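The following blocks contain the structures, represented as structure tokens.
You will see chain A twice below: alongside chain B first, and alongside chain C after that.
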Partner chain A sequence: MFKKSVGIGLLLVLLAALVVGCGGVEEATEEAAEVTEEDRYGGTYYARLGSDAPTLDPAHSTDSTSSRVIENIFDRLVEFDGDAEVVPGLAEDWEISEDGLTWTFYLREGVKFHNGSEVTADDVVFTFTRILDPAVQSDRANYYDRVEGASEFRDGEIDEVPGLVAVDDYTVQFQLEESYTPLLSILAVDSASIVPQDAVEKYGNDDFANNPVGSGPFEFVEWQSDHQIVLERNDDYYVDGLPYLDEVVFRVISESSSAFAEYEQGNIYEQIDGDLPDGQMDRILNSGEFDEELVVEPRLGTYYFGFNVQEEPFDNLKVRKALNYAVDRDTIVNVIRAGIEEPATGILPPGMDGYDPELEGYYEQDTEKAQELLAEAGYPDGLPGTYELAYNTDDANQSVAEALQANLRTIDVDVELVNVEWGTYLEKIDEGDTEMFRLGWVSTYPDPDNFLYNNFHSSNIGATNGSWYDDPETDEMLEKGRGMAPGSERAELYSEINETLIKDAPWMPIYYYSNTVLTKPFVNDFEVTARGEEPLTDVWLHPNYQ
Partner chain B sequence: MLTYIIRKGAMAIPILIGIATITFLLNFVFVPGDPVRIAMGTNADPDTMETIREEMGLNDPLIMQYGRFIGNAARGDLGISYTTRRPVMDMILSRLPATAMLATSAMAIAIIMGVTAGIVSAVKPYSFWDYIFMSGAMVGVSMPVYWLGLVLIVIFAVNFNLLPVGGYGSYRHLILPAIALGSRQAAYIARMTRSSMLEIINKDYIKTARAKGLAEKIVIIKHALRNAMIPVITVIGTQLGYLLGGTVLTEVTFSWPGIGRMAIDAVFRRDFPLIQGTVLFLAAVFIIVNLLVDLSYGVLDPRIRYD
Partner chain C sequence: MNVEPEVRQESIETEEVEKYSQWKDAWRRLRKNKMAMIGLGITLVVIFVAIFAPLLAPHDPYYSPVMEDGQAELSMQGPSLSYPLGTDRLGRDILSRIIYGTRISLIVGVITQLIALAIGITLGSVAGYYGGIVDDVISYFINVFLAFPFLLFAIAIMAVFQDPGIEQVFLALGLVTWPGLARIVRGEVMSLKEEEYIEAARSLGAKDFRIMTKHVIPNCLAPIIVTVTLGVAGAILAEAGLSFLGIGAQPPMPSWGLMLNAGRDYLRSDPRMMWFPGLAIMITVLGLNLFGDGLRDVLDPKMRD
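And then the complex of A and B:
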């Protein structure tokens, strides 16, 4: 009898705790507006990384995992705002000469690195010289190719880069050999984070990744490989009053189902794009349980199937167009992608200079037109034989490829699906060993040059130009665009290139990416933009959860 | 015994060289994929890739790269990871405690569960408990560890909130992965203990022991189990070597920062020095564990000599 009473008592206590717990979440949201500025300070934010960060050295950062942490530890000369526009960062102002060859940045005075030394123009020169140094093996050295003397420095002909000049302690100049408009956006990406010369020299080029010292909102504390990375508040951050959080813990959780369980338990506070397990998508989007926590934002990227335009029959424009007309993008997006993405018939995504909404729907599904085009191309009975449709291993990619296979069958085009592991897949595309292949492009920096030059300039054949697209006129326009001053004329040129490419159909675009993010209701001011998740500088936790 | 250990140690050298050579050839000759391209991601620049390949020595003749790898490995230098640019040996050693903790805990659970179930089943063959334990062992052997892991997470972490879903740092984090991993090993050990015990239990010296009037407990533990342990120890040794090699699925499911997870990431990133270093290190661990197993035979059966 006594045991039974204790059992019932415990059950009641448990239920009460649950009720109180649930109430807490609701209250947190309702009371968010009443929280004073003072109350926002404090607490530990638990984030998730899908794998261990390959590096915390900005010079080697090429992946979104490293980037997520690096953006919180370091600052850049300029930063992106919520609309992906470039705004002042460590440089409070800058000037670009009329010929576009001299870029002068004026640094804020008194900004400190986490080791106490001041951020000066010498550190900026050191940062970019280091990236260009072949011994450092930075994967992003090519971003600064147009800086005067960069090539000679990389070839070991000279000891310093004449185009990088510290005019005085707080003024730094980039002298370019040719005008290069994307540079401003490039300076705002994580690989361009400013590092302190003394700290890099202290730890050495290789070990700096394990002892990163920046000037950003959070200071590095420890990195337990494959377990967690811990950062703490930078009390001397140059933006007064920020950040709010005392500590950020990035937990490494590789398995997405486990990560989702951790999120539901409240052990991590977010599920960022790519974290969400496919099996939970329907529940997340349609059950209503996550409505308060869900954010879906468009992202600057396009998911597509490319043709190898040098391989028969895909060297024939009419064949490429015909296949484009056969694709039912709406169904793919609504059924396979749960409607979270936007169907795409263009190449540049919305929000990017050069995007033209009038071209949207250019390849609206039209089976009859597709068949006519195939007939005009000399294939009245459809394409003979079977063609390879390759994709890298992933359930979602497979589902999209299967849908495309069914679409193409309606115009008598048979494709065989070939599933390839990522490393092998990249090599296959680089070598041109493809007929049709899946890829996606998400802009590293929000400039159409990043999108179009990489994917369609002939110099990138064998690397990022997977379609092996080689058109001298397009090359010429792309080269011109790099040097043009920002503004409507440049946007028009990119719009023209975009239109040319859509009509020349080296790709079958499927959809424009979106960012699907969940954050707990007590997490405030977590910013998701077209670039992805922004640093946690402004994020604060409801006082009940600090 | 010392001569035996030295002889075994000498035999290990050609084995390790063979393993190093095979791993090197698999990486550089047979496995497609370029580490520099993978590291640079989709945003790769052909000239930069070439510069980095040159700096990394990837453009050197294969025989030169091989010589460099073997020469350095002989001095205990397993190279620098392409991805993290940290010494491979440091990376392995930093994950070794987590892997060793998980492997030994799982093995302890497996031995306790497996040997107990095996003894009970052997002492009362074809009884209710024998059927229960051996059916359980069959399920344990057949059940994929990641599936069992997820079931344990759903029950103990999500539904009852008794233990953490995953992570590392306290004994509470260790319980679920150790059970998930240990269950499978327990199943092997239970089956081996049962069959080995059944063979011993009908021997004449067991009948003699019983005839002497010894208590059944002493007959089973001291006379039967000790003699039945040699094949069981072999299984335990092999499985422990395997567990120390990292248990990728368990580590991934429970976010456990061990060697297996690091190795699998290295494979996907084509981080050849890290793959080679890890394989070589694990081969050495396997050889040492096997040597210890060999030596334990002498403790269990004094008739075994190492001359």
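And then the complex of A and C:
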């Protein structure tokens, strides 16, 4: 008995220590001005991933968790700068012919992959041939549909892609069948990362994900599933003097409140990817404690619930509209999301061509109208039965899903919440094994083609078109938009598509994303843009924290 | 010649009196055990609350005035007259949710134990009764199942289900708890089958099935009742644990574990969200455990540790 009570007493003390311990993190003394260039080098940066990365193979990366790690290991022909403008990467220069069909990239000489071999035009050709290879089954193959011969190659009719040409060791050419404006941006996203042919052949297409070799600022060290991914400094990085950090550790912490506790303890240096815990929002935004550490940036993304439009009763437009009218977006944003985000009025987010704040057909909450629509659809007493509303495991997603569930009860639509782990969740959506599902789309660059083509073109069914939306007219407009030169005419077209899609309601858009990011005061030059977290190439730690 | 039937009559009566008094005696001794009576009292109150939840709860536990009626100001309200324990983020009444939560907890406890009973009694009595290779095989399985840590094993089973829910919790916990029961039943049956009245039944030509259901199992009820009572408490705790981890009951169910989970974010700013469901779990489990312990003392003294 005595021992037991001692044990319980100890436990209580421990618990108390835990709770108290969360508060006391010493502030960094700001001496940044006195830090010399040399002092910036060194240290380990602890980052957080909200879930394990589904893959580290660029050819298979379709999600933001994977891409955060991949962007640090690999380089691309071209890169985005902080304003999402395309700037030179592995290619120091490029030319686009006047008809828009021939794209020539001139590679830097002497850039080395982490395994020591040089980055050559052959690796570039290999990279994109691999993405198109039907055996690899990359979800991104359709990005390169307009490359000459890509379709035939994907169908297995020819063994090489004639549109991908290594002119010499450092010159590579893309021949297109039709002009394709978004190509330059596409070449700057993580899935277009250049991979070394010898390493992929050594590990095989499947195992390359576990042994990623790139040319980026950081080298892959190890990946402990569901625990952490460790990267170390690439001493041979092509940008002289970079990166500053010796090591980067991405820790997998799925719960935002645990992550926040670790952040306060100083065990991780940033809280991004996934949301800050709801219960702490008030404190983070209003207490003043985090003013130095908090950045809120609008993000090129939309948080939505999609319908599987091939499934009854969501194949009925009136049902989809009715549900859209039942949603109280303002309350969800203000009460559940602490007002950080902006309620969605359309599918395309602000900052993207085609975004229209006063979009016609926008669904302001109107319960009566929703009920009328349901009645017209043949369900005067609400939908019969219970429908599945799937979301991936995360506190914030759960809160929003629960709020939506309550919303839908007002029009007698019962939904059952089904929570699934991220990797499995994406598979479930790709397979069309859903009725309603939560997802967000965050564009990595401000071109509406990326946003709409991926989510709504029929060729992406089974990949990124989770609603299984299949509409020939939309397909046609989307195809047209890809070939158009940038300008107001193109923006107009995308605005029209946006409107069509809102009226056809394959989605219930909820809000436009914001990045709410906390970084420790001793972390310098950490950059968050509308695309999300930029690679950690320039980041350095105050010498006291290295 | 007249005497014989009377004698027989008398002997039957004595046996009945004796049987009757075994339970009566247990009850008499249980009544003297203060802790057990407190436990019984708590358990009865919990059962009462569960049955009459709709009459006791001041609000609909699922109704969210915030989302369904646009009353955003009702989110995260502190205790007040109309919401004695305050509201959660969706404006739902926490007291009503705790009251309805009693139902979920008890149902989980009972169904889980029924599953465990069905498997445990069947396998345990078969193993104990037949012995030999049958016993070896079944005992082997019992031992394998017992080798896993209880909650970890339940989590592993839940992980097999891609979409967790309360029905899966029944199954998982049922599958995890049967070996304990089976082992106890097996032991009892092994010693009972040597008893003379079993031999008598057998010599009268009774089939194995009849012997087991009519004579063996009724005679090991006492340890079964004790195990099940404590098992209900264990299952309630395990359900709360699984739900807290997000792999048990799914929102918007007013499961106590789920409510704890929802309150976790607010541990510092509004600990009330965790206190009340936590207290509910503690009181219920404490009640059942006290009662179960008392039962064990009076019904099955040799099981005492």
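Criterion: the second predicted complex is superposed on the first by the 322 of 546 C-alpha atoms of A that agree within 3 Å, B and C clash if a C-alpha of one lies under 4 Å from a C-alpha of the other, contacts with A are read in each partner's own complex, and residues count from 1 in each chain.
Everything that follows uses one rule, which is that a residue touches a chain if its C-beta (ideal position, glycine included) is under 8 Å from a C-beta of that chain, and two chains touch if they have at least 3 such contacts.
A quick note: this is a predicted structure, and the numbers were derived from the prediction, not measured.
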Which of chain B and chain C A:54 touches, first, second, both or neither: first
Chain B or chain C, by number of chain A residues touched: B
Chain B versus chain C as contact partner of A:279, first or second or both or neither: second
Partner chain(s) touched by A:142 [first = chain B, second = chain C, both, neither]: first
Which of chain B and chain C A:239 touches, first, second, both or neither: neither
First, second, both or neither for A:167, with chain B first and chain C second: neither
First, second, both or neither for A:257, with chain B first and chain C second: both
Partner chain(s) touched by A:87 [first = chain B, second = chain C, both, neither]: neither
First, second, both or neither for A:424, with chain B first and chain C second: both
Residues on chain A lying within both footprints (that of chain B and that of chain C): 257, 424, 428
Chain A residues touching chain C - in the complex, by the definition given at the top: 19, 22, 256-257, 277-280, 282-283, 328, 331-332, 334-336, 390, 393, 395, 398-399, 401-407, 409-410, 416-420, 424, 428
Touching residues on chain C, where the partner in the complex is chain A: 62, 64, 66-68, 70, 72, 75, 89-90, 162-165, 246, 250-252, 264-270
In the complex with chain A, residue positions of chain B that touch it: 32-34, 37-49, 51-52, 54-56, 80, 83-86, 91, 94-95, 98, 150, 153-154, 157-158, 161, 164-169, 252-255, 257-258, 261-262, 265, 268-270
Touch list for chain A against partner chain B, complex: 51-52, 54-55, 57, 60, 62-63, 134-135, 137, 139-142, 154, 206-207, 209-210, 224-228, 251-255, 257-258, 261-262, 264-265, 267, 421-424, 426-428, 430, 439-441, 444, 450, 454, 459-460, 462-464
